[in-house]
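Two complexes follow with chain A in common, the first pairing it with chain B and the second with chain C.
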Partner chain A sequence: MGLLNPAFWTFVAVIAGIYAIMALGLYVQFSLAGLPNFGHVAFMAVASYTMAILIVRYGVPLPLAGAAGIGASIILALIMGVPALRLRADYLAIATVAGGEIIRYLALNLPDLTGGPIGSIGLLGPGDIATYNQEWQAFLDMLGRLAAPIFGRMPSRDLVMALLIWGLAIVLIWLGWLLERSPWGRVLEAIREDETAAVAVGKNIVAFKMQALILGAILAGMAGLLLAWEIGVFSPDDYQPTLTFYAYLILILGGMNRIWAIPVGSILFSLMYTGTRFLNFYPLSLFDSGSRAFLRLFLVGLLLVLFMAFKPEGLLGDRRRLLLEK
Partner chain B sequence: MLQQLAQLVVNGLITGTILALTGVGATLVFGIQRIANFAHGEYLTFGAYVGLFLNVDAGQSLPVATVGAILATGLLALALHFAVLRPLRNRGLVAMSLVTVGLGLMLRDLLFMIAGPRIRQLRIDQTAVFDLGLVRISPGQLAAIIMTVVVAPAVAFFLAKTTIGKSMRAVADNRDLASVAGIDVERIGAYVWFLAGALAGIGGIMFAVVQGTFDPNLGYQVLFLVFTTVVLGGIGSAYGALVAGFILGLAMELSTWSGFAGGLEPRFKPVLAFVALIGLLLYRPQGLFGKARIV
Partner chain C sequence: MSVLLEVRDLHKSFGGVAAVAGATFDVAEGSITALIGPNGAGKTTAFNLVTGFLAPDRGTVTFADRRIERWRGDAVARAGLVRAFQTARVLTRMSVIDNMLLAGKDQPGEVLGAAWFVPRRVARREAELRRQARELLDLVRLSPLADAMAGTLSGGQRKLLELGRALMVEPRMILLDEPMAGVAPVLAEQLVEHILRLRAERGLTLLIIEHDMDMIMSVSDRVIVMDEGRVIAEGSPNEVQQSERVIEAYLGRLSPDGLGT
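This part shows the complex of A and B:
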């Protein structure tokens, strides 16, 4: 696909929008509640797997299966809440990334439940190709037909998806912004700044942190479902821990503690991430296209280190309200 | 069944040694630098690839390649300490964790770019088997046993008897007290990074010869086993990590013994270790031997 192909950029826009919702979930957990969740990807994995299994194996209608997927994320958040609310920051980081890896290993090694290493396509067993997103595509087509008069022609599925996702992302970020400024958000800020003081004024810290964890899990679950519907087939490999760190990088690129900077971060990240495929000039042309996939991940790591070193509050962040010091 | 048990004990001891040696380095770093080093796994990978380069591309013998890997990885750890981790160390726990995650991604993907994603192996006969009656061991396992017999007592002696080794344990146990007692904490910190890198280098070589084949994901796959070893032994406790490595290695292998109600399927071994890690962090963060105190 070329640099000038609009279909490619539409796809980039879809992915950027999904990543924005994923990062918003992390924002609620990390930036608002101060929980360094390094296993964010697990919420996306359980939501996608629950949804796909219900649709493929039991013929559950898509809206219901999606809701069940979100429900699974919430249950995982309740389980993760036990360590999340008790551990010191760095132990929590280790425990959550290990928790995410448990989910991925189970998905990889329980083929009867999850389709094993080949992923969702193997949900019906070998020889039978399983798909779970016909209903979603039909839904997009229906929206496309409704929108056709506006565009003067039938818009592509990806274009409909991009508009839908960005509309959703902006509404969710707006809601998050309201929440951050609400009394609830202020309590979380107080807990983050000084837990003892928050307890002293009678706030139930555990309940507030749990709520933030669940809210973040719901958002991650939504992002996971949308990503699964967009890519059409997924496998345990799609839920590597690196996905969680994409979310961190998006928060850092935009601004650690500015909720409206999340779209900026996700767009920058997606441009960087997809843009590397066009970096085929010397000396980068020495790497073949396969190696350039690793170059992307290398850049993700490099940007994490550079931002932490020189601009830990992010491009648009506020240094005074930084919570990495813990 | 008894034969299987003996075989699992041997395998467990070998895995255990690797975890014990790498765990000692990681626990001292954790204790002294207060860093959960998410890039530690990549130090193992780096060691394995330096060994691969020396052994396969440069045609050196395995012992020479091992020494080269130890030195190179020690220097890498030292370089990253001085260039990145030391200047940033006041950034807080979460920021430092993210920095080491970033370093790990950089190292791993640099190796992927340079060495390629294909599966590699060191120059060691993978097909031969030594039959010792009750157990069979591969030449890779034999090499690992030889390295263990040389390195493990040396490390234990170093930590127990030498001034630097004692200082390392003192700083890891209580930084302020060690400093008051006249130990140059900064200098010891640098030595610890070199030791941790060197032990990760040998750990990488040992994993490479025991597994037979490897790719640049080698170290990442064992990172959490190393973390589990560190936490099990008590963070900062070198002897704890030595013992914990063996316990973890044996426990993981023996869990698959058919004598235990059919045994756990081998593919679930990592899950078992991760569950143990989370459980330990929650209920016994001071480790098996640690004193209950604020950790």
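This part shows the complex of A and C:
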């Protein structure tokens, strides 16, 4: 695929939109409530697996299976949150790192339930190729036919998906913005700044933190479902811990405490991430394409370090707030 | 006067060290009661136990006829027993007015999603709370700083803000932990004035930990003296000042803190 291929850029736009929703979930947990969630990817994984298993094995209609997937994310948030939220933030960080990896290892090692290492394709057992997204593609085609008069031709599935996802992302961010500015957001801000002070004025901090954890899990679950529907197959390897760090990088790029910077961060991140495949000129061309793929991971790490060192408020963040001591 | 806060045989140890060892005292409704004692006497721990920030090993705390010793701190605050801290815990990265609004009671907008579904109700209550916050900021003379970040306030101003914020919870009783410590004399005078006004105008009950003897003598009706985790004396400021046991407790360890002079 070349640099000028519109289909490639449409795909990048879809992924950027999905990442924006994923990062929004982390924003609610980390930027609003101060919950260091390092297992965000687990919510995506359980939502996708639940959805795919219900569709492939039990013929559950897609909307219902999707709702069940979100339900599974909520249950996972409760399992992680009930013990960890009563303790200090560090414990939640540990619990979520562990939780994320446990989910991935379970997916790898319970082949009868999850298809094992080969992932969703193996959900019907060896020899049978399982698919779960026909209904989703039919839905996109229906939307495409409806939108055809506007475009003058039948838009591609990815274009429909890109518009749908970005529409959804913008609406979700707007809803999140309303929440952030509401008294609910004010309580979360207070909890993030000083839990003891929040307790002293009568706020049940565990309940508020749990709400933020669950809301973030729902958003991550949605992102997980959309990613699964877009790609069409997934395996445990798609839910490596790095995905969680992509979400952090998106927040850091845009500005940790600016909700409207999330689309900016996710677009920048996606450009950088997919852009590395075009780094095929000398001297980088000395490496084979497989080794060059690792460049993106170096780049992600390098950017993270540079931003934390020189621009901790992100591109659009507010530096003055960082300067006031807690 | 009826008893608002009743503490009975309260115990709390930290790794074998008994910080509070059988403290028993009452605070009458509408009174200003001072809790004094040498450093390490267990005063702040007693505060933490009464307000639900620590769970007692043993003993009971009754507030307005309800047993609260097993309640969480936030539930105690909502029941009308609100505390301030030795070092004021204002939210430095939030504005002064937001610090106040945070403590507002019955804001439906604190329910997740209310901002989406009932924005008018949220806005109406917010306007009421804002009026209330402005009045209280007037009372503690912080109105001109309403929009400043709380982190830019001086130590004394932070204490005033914390007092104002505690009042936003509409408490029946406030616990102040060394309100005078680190406060400039002018602000300190204001604080005394506020405390007396709060009792007179709002019928508030106050329990105050304080080392400043001038303040204790000028504002409090009753003084409770703690030492080694127990209450060793109780009475009017004058009675306590003349008590041999109290003088001994202070002179026996640290500086007399103005007692007996």
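Keep this in mind: the second predicted complex is superposed on the first by the 311 of 326 C-alpha atoms of A that agree within 3 Å, B and C clash if a C-alpha of one lies under 4 Å from a C-alpha of the other, contacts with A are read in each partner's own complex, and residues count from 1 in each chain.
Definition applied: contacts are C-beta pairs under 8 Å (C-beta built on N, C-alpha and C of every residue); 3 or more make two chains touch, one makes a residue touch a chain.
Keep in mind it's a predicted model, so treat the numbers as computed, not measured.
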| item | value |
| --- | --- |
| Chain B versus chain C as contact partner of A:Val201, first or second or both or neither | second |
| First, second, both or neither for A:Leu179, with chain B first and chain C second | second |
| First, second, both or neither for A:Phe38, with chain B first and chain C second | first |
| Touching partner for A:Leu215 - first (chain B), second (chain C), both, neither | second |
| Partner chain in contact with A:Glu193 - chain B first, chain C second, else both or neither | second |
| Superposed model, chain A: greater residue contact from chain B or chain C | B |
| Contacts of A:Ala98 with chain B and chain C, given as first, second, both or neither | first |
| First (chain B), second (chain C), both or neither touched by A:Val300 | first |
| Where chain A meets both chain C and chain B, residue numbers | 324-326 |
| Complex contact set, residues of chain C against chain A | 51, 53, 72-75, 77-78, 82-85, 89-94, 98, 101-105, 107, 109-116, 119, 122, 126, 149, 151-152, 165-166, 168-169 |
| Residues on chain B engaged by chain A in the complex (per definition of touch) | 36, 38, 84, 87-88, 91-99, 101-110, 112-113, 116-117, 224, 227, 231, 265, 267-268, 270-271, 274-275, 277-278, 281-282, 285, 295 |
| Residues on chain A engaged by chain C in the complex (per definition of touch) | 175, 178-179, 181-187, 189-190, 193-194, 196-205, 211, 215, 321, 324-326 |
| Complex contacts: residues of chain A adjacent to chain B | 36, 38, 82-83, 86-91, 93-95, 97-99, 101-102, 105-106, 109, 242, 245, 248, 287, 290-291, 294-295, 297-298, 300-305, 308-309, 312, 323-326 |
